[in-house]
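Two complexes come next, and they have one chain in common, chain A, joined by chain B in the first and chain C in the second.
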Partner chain A sequence: MQLLNIGKFILLRTLKFAILLFAVVLFSFILVSFSPVDPIQSYLGAEMMVVSEEQKERLAEYFGVDESKTQQFLNWLNMFLHGDLGTSLLYRQEVIAVIQERFLASFVLMAISWIISGIFGYALGVIAGMNKGTMIDKAIKSFCFILASTPAFWIGILLLIVFSLWLGWFPIGLSLPIGMLAEEVTVWDWLKHIILPALTLSIIGVSNITLHTRQKVMDVLESEFIRFARSKGEEGFRLFARHGLRNTLFPAISVHFASFGELFGGAILAEQVFSYPGLGQAIVQAGMNSDVPLLLGIVVFSTLFVFIGNLLADLLYYLIDVRMKNGETI
Partner chain B sequence: MKVNNRFLLLSVLIFACFLLVACASQASDSETDKKKDSLVLAIGSEPTDGFDPTTGWGRYGSPLFQSTLLTLDRNFNVQPDLAVDYSVSEDGLEWTVKIRDDVKFSDGEPLTIEDVIFTFETAKNSQSVVDLQNLKKIEKLDAQTVKFVLERPQSTFLYTLTMLGIVPKHAYSENYRENPIGSGPYKLVQWDKGQQLIVEENPYYYGKKSPFKKLTFLFLSQDAAFLAAKAGQVDIVSVPPNLAKESISGMKLIALDSVDNRGIMLPFVKPGYDAEKGIEIGHEVTSDLAIRKALNIGIDRDKLVEDVLEGFGTPAFSVADKLPWWNEETVFEDGDIEAAEQILMDAGWRKNADGIFEKDGEKASFTLVYPASDQTRQSLAIAFKQMAKEIGIEVNTEGKSWSEIEEVMHSTPVVMGWGSHDPIEIYHLYHSKYRGQGYSNANYYSNKKVDQYMDQAIHAITPEEANEYWKKAQWDGETGFSALGDAPWVWLVNLQHLYFVNEHLNIGEQKIQPHGHGWPITEFIADWTWEE
Partner chain C sequence: MHVYELNHETQEELEKIQNNLLLEVKNLSLTIERFGKGWTRERLYVIRDFHLKIHHGEVVAIVGASGSGKSLLADAILGIHPKNSIVDGMIKYENELLTEKRRKRLRGNDILLIPQMTNALDPLMKVGKQVKTLMKQNNHQKAVKQIFQKVGLDPDVYDQIPSACSGGMIRKIFIAMALASEAKLIIADEPTNGLDYESIDEMLFQIKMLEKDNKGVIMITHDLEAAMKVADKIAVFYAGETVEVVDKKHLKKGGKFRHPYSRALWNALPQNGFIAIDSTQPSATEKLTGCSFAKQCPKATKKCKIEKPLLKEISHDEMVRCFYAGM
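And now, the complex of A and B:
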């Protein structure tokens, strides 16, 4: 019964996703077609004048920009439905290959920061919630408000200046040491390069989860069963561990899953600042050069990524709800 | 207190991780002492489409991994490289090239005439920046000699021979762009996409060897590259003018002259409609020769360099300043407002109450369009507006996107920039047969005599002969497309390309740099030295 419901739920969601994907792709395409960048002009750059008109026409054909915008979009859609994302103009390579190359790096970065911000965010939220109204609570709250309104790239540059330039502890950008061959790169090298970008990204992710958890903790602490437990003499973190942890952890996790979108957006900025070779860097390049196939390919991919995050979040809510309905509340 | 402890433990663990890594990084930093046979360069953007010359890699000079049939030395004289000799038939249609027989690719295989033919055929069929539409066929004459047959005579085919790196037929595949093999001074060792390129010297290279056995090119954002230089991690970093005023300890600023020019394209014809292309053309005010001449002579180019480029540039008087096909006579004393006013008075223009010239009820006024995304061009447009006002010409500036500019550029003055090492650029910019063809000759310039000179230049057999005609097309004493003649452009400035270079590194003398900033600097890497 429960399984069936989940199945229906996923099916409904998938349908929604298909519609959403179409809308996002169409909207992105319309936006790019308003872009001031002419892909041929951008590709040729200063060579514009040494290339003959004949050659430019052949290029337009190769780039697929000699047709009307509508036709271009239909062409893309047709290819997409056949499972082909096309060829990136910028990289002269299959879009799917570019995404594959880039995704792993982005994924590792996002996963690490997602976990770190989850752990720290939750911990801070619990501490603040448990100490409602005290100096600690106020400090944590203001910290979160400041973070929530701070752009990721700015934090990135700040970390770079302090930890790389002044202290010299971490490298400036890239995901591997300068000039080192792949076989010489150790896990330490790799860790060293990912820490600052991951830190930037996780600092941004903390405030959302902290504030949510704080609220939830406060709500739970005011409920009847806590009062009952308190009357039995339980207190402090022991009380919380027994009665609050599960009640606040699941909502926190689902909130955290729902933040995949922000995570992706933050990754784009962090990758730019740290010259970290992920999808974010590729989408910026694609946008700057009107590389429509690559741009749409990454849009599809990131939509899918964010969708999965939201789906997991909703599924978690659903599971919690079901358990509550069945009277399995702790 | 159980949970509390767990959190504490985790936090401590993570913090410990950070500390450990931090310490480890400090330890390894001291090991990477700079050895003088390797360099780290952060000079430009990543060639994302790879290192395949047949799709455009290396067109700015040194292909690094491959070598070309001919090269241009610092003074743009043609020098042999892979070729030992070349000749052109009387009608300019047949180019015969004889190559060396002792050259090997970096994989040890010999470079043969088949590789040369293969390269040109592949390049012709690639939809890319390499334009070989004029190449009709290629014939092998003997084991060392090849004949290129052109559709139409083209003296600038010579520059194609200096730009197109030769690729190996036996090792060419779809993945060549990522694993280039060539006969150039370096071979690719590792390309970490989006990050860096590591190259080592090619043991089989036949030319002069560089003292630097290993080069690492970093593809960092501008800010990160600058920080990396400040942290002492790179030997050469390219910088924009706004960073050039900063100082980096242990590094010196080097400003290289270029033909990376900026100028204002003025519509040449009276307003009208080109029915064939379906576009509005011409401008009432700028079609007047007196206006174009007055602007050219009244603008103070040195002041533009000082104010807009913060001194990092040179005045520009043509599209090809200081290149061999440049006519030196086109330089003149500028910033002369009196002379500019005199030209306008002589042509019947009179100043009105606002100090703006008028003629037959027409105000000397036009809109100048610049690409809104380019800050330098915007500043140039605004400075130009102020200088024009002093002469008595009203200029309104307007920033637009390139696609909007494309729609108005045939009837509105535009701030543009060019600068190539190939004189075919002149041909496309000024020849009347390219009028209205995209960006080529967008202002509809036309002069029969100039056309004739440029056709003669294209048909010339030797570069010397061609250059004579290119120069005459600019100014032959009576007419030409320079400011002395028809003045369809007001050329303003050439940008300087700026680099911070390690104090110990001597990169010697460089060529006049082309439009692109970055890779061309590696062209004479064989002559770089390290001085303690």
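And now, the complex of A and C:
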């Protein structure tokens, strides 16, 4: 019975993902086909002047951009179903190879930010919720509201001005020092470059989890079992550690998994500001230069990434729910 | 003005009773301050003038209508009332004033609440563990399981979480908690609420079990019938006031309730005629001048509407708040 349920769950989710993926890819393609940028021109760049019309036509034929838009999309879809994401016009490399390299950089950035914002967000939420209505709570709440309405790139620029320009603690951009051989790069160099973008992303991610945890903590504190625990003489931190932690931590983790979408969106902006060579930067370049294979490749990949986040969130809820129903402890 | 009538008790006997006194509450009031419509502040007089005495090994039932603020009464005694409420009055525990500091020490150790709601257990913690935390001696798992058996629970319930237990089981777990703790005073908030007839009798039996353990039990209830079955004394609660405290012995000897409201409650029981009166309580926002029951009372006179009757002591532990009590 249990296995059947899980099987059904997986099947349903896969179907949902397929539909979602198709829709996202289709809309991305429609959007990019409105772009005025000619892929041939962006491919040739400055050499545009020296290449003859005939050669250009041959190139268009080679790329398949002379065909109708519908045919182009169908071509892409056909290739995709055969497991081929095509070649990037910009990098002149297999799309999958570009994504692999870029994703690693982005993943490290996002993972660090995700963990930091999760820990800080949860802690701030608990502090605010436990001190409901006090100055601390109001300060944390205002901080979150301001953050929630602040774009990531603006925070990034602000951090750059303060820490790179004024204080000079961190480099202005990129993921590694310029003009240095890969073997010479130390962990410290790498760390110095990732701190500011990671901080930007962490700050952005905090408000969501804090506000959610704050509400959850307040709800739990007003619940009947906390009143009962108080009547038994439990109070303060001990009360929270014993009865509040488990009842607020799992929902917080779920919410945090569900924020993968915002994390990715934030990463695109942060990577742009810090010229950090990750997926976010690549997708912006692909869009600006009509590199359709790369753009669609990253779209597929990011959809999968966000989808996995949501799936994990749902699974966690499902798991808690099943255990609660069966009367097991977590 | 209190009228003391000593009913033949010698000085020695009185002293003994005094020493046995577990909890004494005098002039307790609880006022909630909140924002009303617009920006006006509104005061809710939830508890106005509450009195109670309870001895070791005694069950006192506080009987009042639903929604009359009885649960807040328990909170006020325990000192866990909401932050926006003010508690005034005198509470003595074992003949010593109950200060905030002392309350903190006694909560969960000497005084234990049996909550009304079945969702009062931590939903993610094993019930056995929740009972265990109340025990002082070590190696309690076995002891908890023994107590579970005593109250009619399967020992295997120890490893379950509350959502796997029925409402009746959870009420038994509460009783198990009371037995497991070394509390001398148990405040049971509506312990029979939502139970069927048979389960009520079982619950009352278990309350008796606590009494035999020489614990004092305050049973807060709206069920006069259940109160009559188990309590040694019945305190009737109306509009935030103690209107009457009656000894069950008095009722057993054929005596009647003395206050008109208590009599109305009594008459409303099916076996006593099922006579209902309009007993809508005065709103908590009202500041009362006369007797709280004057509007509904069949015997009310002009005096009742102007002057507030005080709680008169009839014998050393029986009291009534009525100018024309017993008439």
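Just so we're on the same page, the second predicted complex is superposed on the first by the 317 of 330 C-alpha atoms of A that agree within 3 Å, B and C clash if a C-alpha of one lies under 4 Å from a C-alpha of the other, contacts with A are read in each partner's own complex, and residues count from 1 in each chain.
Throughout what follows, a residue touches a chain if its C-beta (ideal position, glycine included) is under 8 Å from a C-beta of that chain, and two chains touch if they have at least 3 such contacts.
Computed from a predicted model, the values in this text were never measured in an experiment.
Colleague: Record, for the superposition on chain A, whether partners chain B and chain C clash or fit.
Modeller: fit
Colleague: I want to verify the contact counts: of chain B and chain C, which reaches more residues of chain A?
Modeller: Counting contacted residues of chain A, the larger count belongs to B.
Colleague: Taking the superposed arrangement, what is the smallest distance in Å from a C-alpha atom of chain B to one of chain C?
Modeller: It comes out at 17 Å between the closest C-alpha atoms.
Colleague: Chain A touches which residues of chain C in the complex?
Modeller: 74-75, 78, 80, 104-109, 112-113, 115, 117, 119-126, 133-134, 159-161, 163-165
Colleague: Write out the stretch or stretches of chain A touching chain C in their complex.
Modeller: Residues of chain A touching chain C: 223-225, 227-235, 242-243, 246-247, 324-330.
Colleague: Within their complex, state which residues of chain B touch chain A.
Modeller: Those in contact with chain A are residues 1-4, 7, 10-11, 14, 17-18, 21-22, 24-26, 28-29, 32, 38, 40, 48-50, 55-56, 59, 127-129, 131, 133-134, 177, 189-190, 192-196, 198, 214, 216, 218-221, 223-224, 227-228, 230-231, 233-234, 260, 371-373, 401-404, 406, 417-420, 422, 424-425, 428-429, 434, 437-440, 514-516.
Colleague: Flag every residue of chain A that touches chain B in the complex, lowest number first.
Modeller: Residue list for chain A touching chain B: 35-38, 41, 43-56, 58-59, 61-63, 90-92, 101-102, 116, 119-120, 123, 126, 157, 160-161, 164-165, 168-179, 181-182, 188-189, 191-192, 195, 236-238, 240-241, 245, 272-278, 281-282, 285.
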